[in-house]
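By letter and in written order, the chains are A, B, C, D, E and F; residue numbering begins at 1 in each of them.
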Amino acid sequence: MNSGTNQQAFGKFSALIALTGEKTALELMPEYQNFKVITGKVGSMDLKKVISSVETAAKRNEMIDGELYRETHALYHAIIEAAEGVTRGKLSVGEVMRTVGLAFSVVRGSPYGDPAEGEWIAVCFYGTIGAPIKGKEHETLGLGINHI
Amino acid sequence: MNSGTNQQAFGKFSALIALTGEKTALELMPEYQNFKVITGKVGSMDLKKVISSVETAAKRNEMIDGELYRETHALYHAIIEAAEGVTRGKLSVGEVMRTVGLAFSVVRGSPYGDPAEGEWIAVCFYGTIGAPIKGKEHETLGLGINHI
Amino acid sequence: MNSGTNQQAFGKFSALIALTGEKTALELMPEYQNFKVITGKVGSMDLKKVISSVETAAKRNEMIDGELYRETHALYHAIIEAAEGVTRGKLSVGEVMRTVGLAFSVVRGSPYGDPAEGEWIAVCFYGTIGAPIKGKEHETLGLGINHI
Amino acid sequence: MNSGTNQQAFGKFSALIALTGEKTALELMPEYQNFKVITGKVGSMDLKKVISSVETAAKRNEMIDGELYRETHALYHAIIEAAEGVTRGKLSVGEVMRTVGLAFSVVRGSPYGDPAEGEWIAVCFYGTIGAPIKGKEHETLGLGINHI
Amino acid sequence: MNSGTNQQAFGKFSALIALTGEKTALELMPEYQNFKVITGKVGSMDLKKVISSVETAAKRNEMIDGELYRETHALYHAIIEAAEGVTRGKLSVGEVMRTVGLAFSVVRGSPYGDPAEGEWIAVCFYGTIGAPIKGKEHETLGLGINHI
Amino acid sequence: MNSGTNQQAFGKFSALIALTGEKTALELMPEYQNFKVITGKVGSMDLKKVISSVETAAKRNEMIDGELYRETHALYHAIIEAAEGVTRGKLSVGEVMRTVGLAFSVVRGSPYGDPAEGEWIAVCFYGTIGAPIKGKEHETLGLGINHI
């Protein structure tokens, strides 16, 4: 389990942002104030749209360098891993008659004590998943982490 | 997305417990003080042991009635859904050379405004996943929700 | 394995309905005559349509209370589990160039001796899966069971 | 959907054997009396043992020629497809803290009108899946079909 | 591992064709000159189109008898297994915001020494997978083998 | 598809090594002589052993810096992606009664023209998968690629 410096808990930080907003997350974990953060929202029956919303937000806010495949690749796999948590084993939304309404956060920084570990990226989704009818839904959460 | 009464956010409450502990979670979401909560920890390369740790804690603390298959079944599927988030699409730990160190929370209550919606259960895991070597790991998170 | 009262075999009952029709199923298992039964047919390359056909039939025939998310949620997961049997590990139909022609049954009742176990729901699909060309197909079967 | 000659329904025949026994299945579908049939039972937390029980029974009863990889390969994939129905998307039993008690049937014959379609094999499992505690289980069903 | 006659390595032969072209493959493995070979290319975000491109090429070039379901079924499962390698555990392309550009080969012959083992088919894909933006992609490879 | 500089085809290079050996691969693609290469063999019913054989070989030969989690993490995900091709959708070997005999290659270098794209790693497995009986097996192939 995570021990030593709290810096390793940047995934927790990204989850707290998705769950409670950036302000509360920073009050709880002020040591992460130097990490880059973006947030957004997306609602869709189309998983493709969920993925591209995060990618677009990350590029537009210069969270990643959209010119580098290396950074796109790292972000993509972090998004997919977070989406696995959201969809729980079936990486599908509309195809299995579900819709999602999600808040997301992306956090980038150096969570390990050793500078040679370099930068990592965390993606967290929190929101609802369910039938495409208001109220016929429950909460869902997913976290993906990758080196960048 | 969740709107209306905040009661629908008991999954968020369970996630905050796993992430920050029950005390902080209750400070952030005091309206959930009447929900039943249990917490625990488990570290293993064996997914079976992760599942049974939550089941045993839930029975021992009378979170579920262990005599009723109905309640065992509801809890089991909530655990498996949370484990899907932890393992991100591969529902395996030791078989793919990974180990996990997890804090977990189980929350039971009536999150919907309509009493006919009855009781629901949320299971959240938060911790680390990685190689069976100290420090070669990153964070992981999973949430499962079911009617009970 | 199932022992004691035969009532526990309501999944078998739902499978016999999908395979042989309700009349033959009741001749073979008359003790289930008090269980609620609906049947239907659906042919599609679109898994979403298969799911929604069962949901619509179940709501229209008052097999479930469409106003309650609890009941929708229980039925949805039973349908998905049955669809896993139909698609055998790939929860996709048209996306992988297959089409299905399915008869389905939904059965609701109290299959366990102990009344505290409450009501359960079974969904069974039986039909064909294959290339979208007549005759280029073989049979397929799937059963899902959930507490409701 | 199945039309024309009923011979195409040998998967239904294998399912009826697993569900009701060979005698009842033949009464319902006498036109299949020339198909080769074997049946057996297996209870385990170990999916490997489930697979090998069917393979061993099929070889011992000369349902397949154990010397030919071709026939072993065809049977193996039919077993795995049937096991996907049993486990519903997670091809694991003991690893996810479940146990199964299954009756199985294997049927071999020429289900298509055209003799050039040759022989096919169907494997069906029916029984229970659940916690490794008596009564904490529900029914499960799976069918796999392959050319041989 | 493959030993004895090199004939068992027709999967390697199909991979070398997809990777280096038929001419180089035959120079490296001239003993396969009597195996039937077809090759093609397909680029798409739609997995269905990838599958049907191989099926159409195989039928048009009389690699399989398109009238027989037996042969269609054998080829279909070989294609799907090769696609599992391409997509690595998520049998989706466009749905998860990816596009593929693939060369494919299909090889048919009798790779085992014993004539009773009959004919087998191998399908290999080699190319790129990635974001639908030029250069934001890496290589991918998949091989499927089935008896026919 | 990959065009421009052939350097982008280091995945093909790693596949040719696993399929034909390093000598032949270098004759076919001499422009990769500056990429780091390791090779090895592993036969097992235990996927964990397959994974750890590659990890151990990569650390012992200084292909990766075993002290850095960053590099371990990149290699691990490349191995898992290659194993997905080998197992084709079921990331299990012994659990589903299969055994593998595999040659593997790991290649590390800078395959993109732009130096900012940095280093990438490719893992390729080639060999056999089948029943744990000599000769009851066919070929299998898998490629995984990651930034490092």
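In this text, contacts are C-beta pairs under 8 Å (C-beta built on N, C-alpha and C of every residue); 3 or more make two chains touch, one makes a residue touch a chain.
Note that the structure is a prediction, hence the values are computed from the model and not measured.
Novice: Which other chains touch chain A while also touching chain F?
Specialist: Chains touching both chain A and chain F: B, C, D, E.
Novice: Hop distance check: chain B to chain E, minimum number of steps through touching chains?
Specialist: The least step count works out to 1.
Novice: Which pair, B-C or B-F, has more C-beta contacts?
Specialist: Pair with the higher count of C-beta contacts: B-F.
Novice: Matching residue numbers in more than half of the contact pairs is the bar here; say which of B-E, B-C or B-D clears it relative to A-F.
Specialist: Most of the contact pairs in A-F are shared with B-C.
Novice: Would you mind pulling out the distance in Å between where the CA atoms of chain C average out and where those of chain D do?
Specialist: Computed value for the inter-centroid distance: 19 Å.
Novice: Which whole number of Å gives the spacing of the CA centres of chain C and chain F?
Specialist: The answer is 43 Å.
Novice: Report, in whole Å, the distance between the mean C-alpha point of chain D and the mean C-alpha point of chain E.
Specialist: Once rounded, the distance between the two centres reads 29 Å.
Novice: Which positions in chain B touch two or more other chains at once?
Specialist: Residue numbers touching two or more other chains: 69, 73, 89-92, 95, 138.
Novice: Show which residues of chain C lie in contact with chain D when the two form their complex.
Specialist: Where chain C meets chain D, its residues are 1-2, 8-12, 15-16, 19-20, 24, 28, 41, 43, 81, 84-85, 88-89, 91, 101-103, 120, 122, 124, 126-128, 138-145.
Novice: Where on chain A does chain D make contact in their complex?
Specialist: 89-90
Novice: Provide the residue numbers of chain C that touch chain A in the complex, in ascending order.
Specialist: 47-48, 51-52, 55, 69, 72-73, 76, 80, 83, 91-92, 95
Novice: In their shared complex, at which residues does chain B touch chain C?
Specialist: For chain B paired with chain C, touching residues are 68-70, 73-74, 77, 112, 114, 116-118, 146-147.
Novice: What residues on chain E touch chain A, complex-wise?
Specialist: Of all residues in chain E, those touching chain A are 90, 92, 94-97, 130-131, 135-138.
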